[in-house]
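Below are the structure tokens for one structure; questions will follow.
Each chain gets a letter, A, B, C and D, in the order it is written, and its residues are counted from 1.
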Amino acid sequence: MGDKILMKGNEAVAEAAIRAGCRHYYAYPITPQSELIEYMARQMPLAGGTFLQAESEVAAINMVLGAAACGMRVMTSSSSPGISLKQEGISYIAACRLPAVIVNVQRGGPGLGNIAPMQADYFQATRGGGHGDYYTPVLSPSSVQEFADMAPLAFEIAEEYRTPVVIFADGMLGQMMEPVVFPDSYAPQKDPSAWALGCKREGEFCNHIINSLFIDPAVLDQKTRELFAEYDRIRQNEIRYERYNLDEQPSILVVSTGTAARVVKSAVDALAEEGIKVGLLRPITLWPFPYQAVAEAARGVKKVLTVELNMGQMEQDVRLALAGSCETAFVGKAGGLVFTPEELTEIIRGYAS
Amino acid sequence: MAKKTRITIDEYYCKGCGLCIDACPKGSLAFAERLNEQGYHPVECTDQEACTGCSLCYVACPDSAITIEKE
Amino acid sequence: MENEGSLVIVTGCYGSGKTEYAVNLAAAGEPGRTMLVDLDVVNPYFRSRDLRDEFSARGIDVVAPEGSFSHADVPMLSRRVKGALRNTEKRVIIDVGGDPMGARALARFSGTIKERGYRMRLVVNTRRPQNRTVEEVLDMAARIEAASGLVIQELVANSHLMEETTREVVEEGAAVAGEAARQSGRDFFTVCVLEDLLPRLGEPRVQARIFALKKHLRKPWEPGSGKAWRI
Amino acid sequence: MRIVAKRTRGLTSARLTYCPGCLHGVAHRLIGESMEELGIIERAIGIAPVGCAVFAYNFFSCDMIQVPHGRAPAVATGLRRSRPDCVVFTYQGDGDLAAIGMAETVHAANRNENITVFFINNAVYGMTGGQMAPTTLAGMKATTAPYGRDVEDTGGPTRMCELLATLEMPWFITRVSLLSPKDILKAKKAVKKAFKNNLDKKGFQFVEMISTCPTNWGMDPLRAREWAKQEMLPVFPPGVYKDRGAEQEDAS
């Protein structure tokens, strides 16, 4: 382990990606993720990698498609409106079965919204995002350290299942500074030479083709089923979540992720001091969603609250998890407003009494 | 004596567009009466003797159906 | 001591803790006679303007883009900046954006600033990348001077890892800042430590006096963040 | 007997899917032959566009990728920066390159990205059934310009070579025609030169090829060629629009 240093989430995830062997990065500036592209602009050439500021998010994601097709560890980043523009390319990358990492440092929406932190892109991120029948694994950090650790993790998942992976952060996680430590070593990249373009191959020449066009409906059906078989494997192996204050039977279960979950933790701690037992289940993978873990954590509680920085999106997954077995309520804020711990403590206390 | 040349038109590829017929300065190519497996009247060489091997038919052919050999 | 100088410019590497230091200087200022000028055009979050309401209630004037524009991500300066710089009735503290990039915003006011006279301080946090060694600190100072057209006279050590700050971190930062000051003939002005941490850290061995910082800019989940955290 | 001309190894054995007389096939052959002659089939990566050439990944025998409409120059950027020793080319039609992909084209050219762009201009959207393209001629009918293109309303035919040649950085910009065997022989030289320049890492190569669309124009292949000679070549004159290699030679 190296020294503990102080970094913004945007910087830390960029540094972690480079340390994890990412040598290709294409992006377009947008607040509040610009420190990420600026960090890459400064550091990627020093690491001997490729940095390019693309002419648009659309171009950036297609440059990622090119690098991913060559089997490179490649990353891009943006914030909500830019991620919308990237969806075309993400759909192609998913369909072509290519590994790539996409960081979304979300801002307020819809439209141009504002630069404040929101979790309003949950539906987009967890339901594929672009056109077609596909998903992408979605990792949701809630600290700078976790944000940084997700860069190598995202590459490993991307390569294991040959899929684009989304890191679902927000402006707060991107902008705030926290101490961060980087591990000394990272998992090596999986050998892509069996499918990647431009690989020198021994023996008889056979060209590699990367394609997502399957005119015959039966073939497309088959290809989609192959994709979904891989999704089953991801569901089996990659579901991640954190249980907080759940060891003793709580009266209220809160499900919350990312920045919102940080405030929830403060409220849970404050309520614990008052003798009110509230547990938090924090999904770390938003797709695949920890349905079973939520259902288990909800056993015996009076109510399940979903706390989000939006008008109620993850709430739908929570209700799917509970399948009507428990009463639920939604607590959210839009506009980029963030709950204060005091405010949230009061709200949760209201449900507990 | 003129050099011997041989022109072969692969019916598998030929779509009978006629661009090679237009390209031939000797007029030695023509549509066949029969249909090929794709449903086109393929082009055939009607006069191998007249062919000089200039390859203009090959140049014009969009389907790379033509092979030209020379002695 | 911290209140020396009628115009204090606070610069430093991005994330060095400039804003927290500038805000603390302002908070320690005389009510009705202190102005805090927010010149940060690079950072979209955690800016001194976020404290405007709290400070104005205490008689400290925060000069920053007004109204809804204070949350904009366009490089916008308050039209009151020039007037504030000329107002010698008040002590003025300027919170500048990080890095040479942030210091560029100073250049357009450098004439007015030089006329009035100023003290420019470089805040050093050796736990930030690109600010870890004496060489890196001096390089940052030179580049900020070049971008702003002004001269840094004083160095402030502010090495920290927020709540995870240890005594070693504070001492390491003070040593680097002190050595950088010595090598460049600048004044090693002060060493900042978060007030809440002082009891735990004991008495760090440093070559300058210690300035206890109150934490004003909190993350939304930190108790007491409610009023301060606006964005 | 020795073979003097035969189907190039740069193309696969697959039958082309284009309509009879469509000059896509000629363009394909020129590219395949040039790859074979330069010995770069094993190190070329081609990009199939959206358009009639969407299946091009089945036709070229090098590595191939099929990409979103208009984005080929951006994907090519990612490819060539990942594989600097490969020769990366895009194959794009007028809708792909000059409409939806205008930004990607202009910026890749401006970066002098080391790629070769083959631009097949037949003044119409072929794949989707004859809609108006940026290169559709004034007055020319298309399914989305049923009364003929009104330039006052929908703009004039976009001249990509002329437009790109205003940029300082791109290396080689040329327009050739595929409308006669003689023109095709000239076009071959341009294709090969563009590939050679890429091998020498000179940067952005742009080869526009004036082509036909007999089916959507409603003409037989021969008449389509004659029509294109009369109507398209005056609007899109063949020639070299930029050649930094020649400029450097002149200067020295």
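As a working rule, contacts are C-beta pairs under 8 Å (C-beta built on N, C-alpha and C of every residue); 3 or more make two chains touch, one makes a residue touch a chain.
Just so it is clear, the model here is predicted, and its values are computed rather than measured.
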Check your understanding: So what's the Cα centroid distance for subunit B and subunit D, whole Å?
Key -> 26
Point to revise | Centroid distance [mean C-alpha coordinates] between subunit C and subunit B, Å | key: 83
**Study point:** Cα-centroid distance, subunit A relative to subunit C, in whole angstrom
**Key:** 34
Review point. Taking each chain's centre as its mean C-alpha position, how far apart are subunit A and subunit B in Å?
Key: 60
Study note, to complete from the structure: Among line, ring, star, complete and other, the chain touch graph is line
Practice item. Can you identify all of the chain pairs that touch? Key: A-C, A-D, B-D
**Study point:** subunit C residues within the subunit A interface of the complex
**Key:** 15, 43-46, 71-73, 125, 127-129, 132, 160-162, 164, 219-223, 225-226, 229, 231
Point to revise | Touch list for subunit A against partner subunit C, complex | key: 3-8, 11, 15, 31-32, 114-117, 171-172, 175-179, 259, 262-263, 265-266, 270, 336, 338-343
Review point. If you look only at subunit B, which of its residues touch subunit D in the complex?
Key: 4, 6, 10, 12-13, 15-19, 22-23, 38, 40, 53, 55-56, 58-71
Point to revise | Residues on subunit D engaged by subunit A in the complex (per definition of touch) | key: 41-43, 45, 48, 54-55, 57-58, 61-68, 71, 74-83, 85-86, 103-104, 107
Review point. For the complex, which residues does subunit A have touching subunit D?
Key: 24, 26, 50, 52, 54-56, 58-60, 62-72, 74, 88-89, 92, 96, 197-198, 205, 207-213
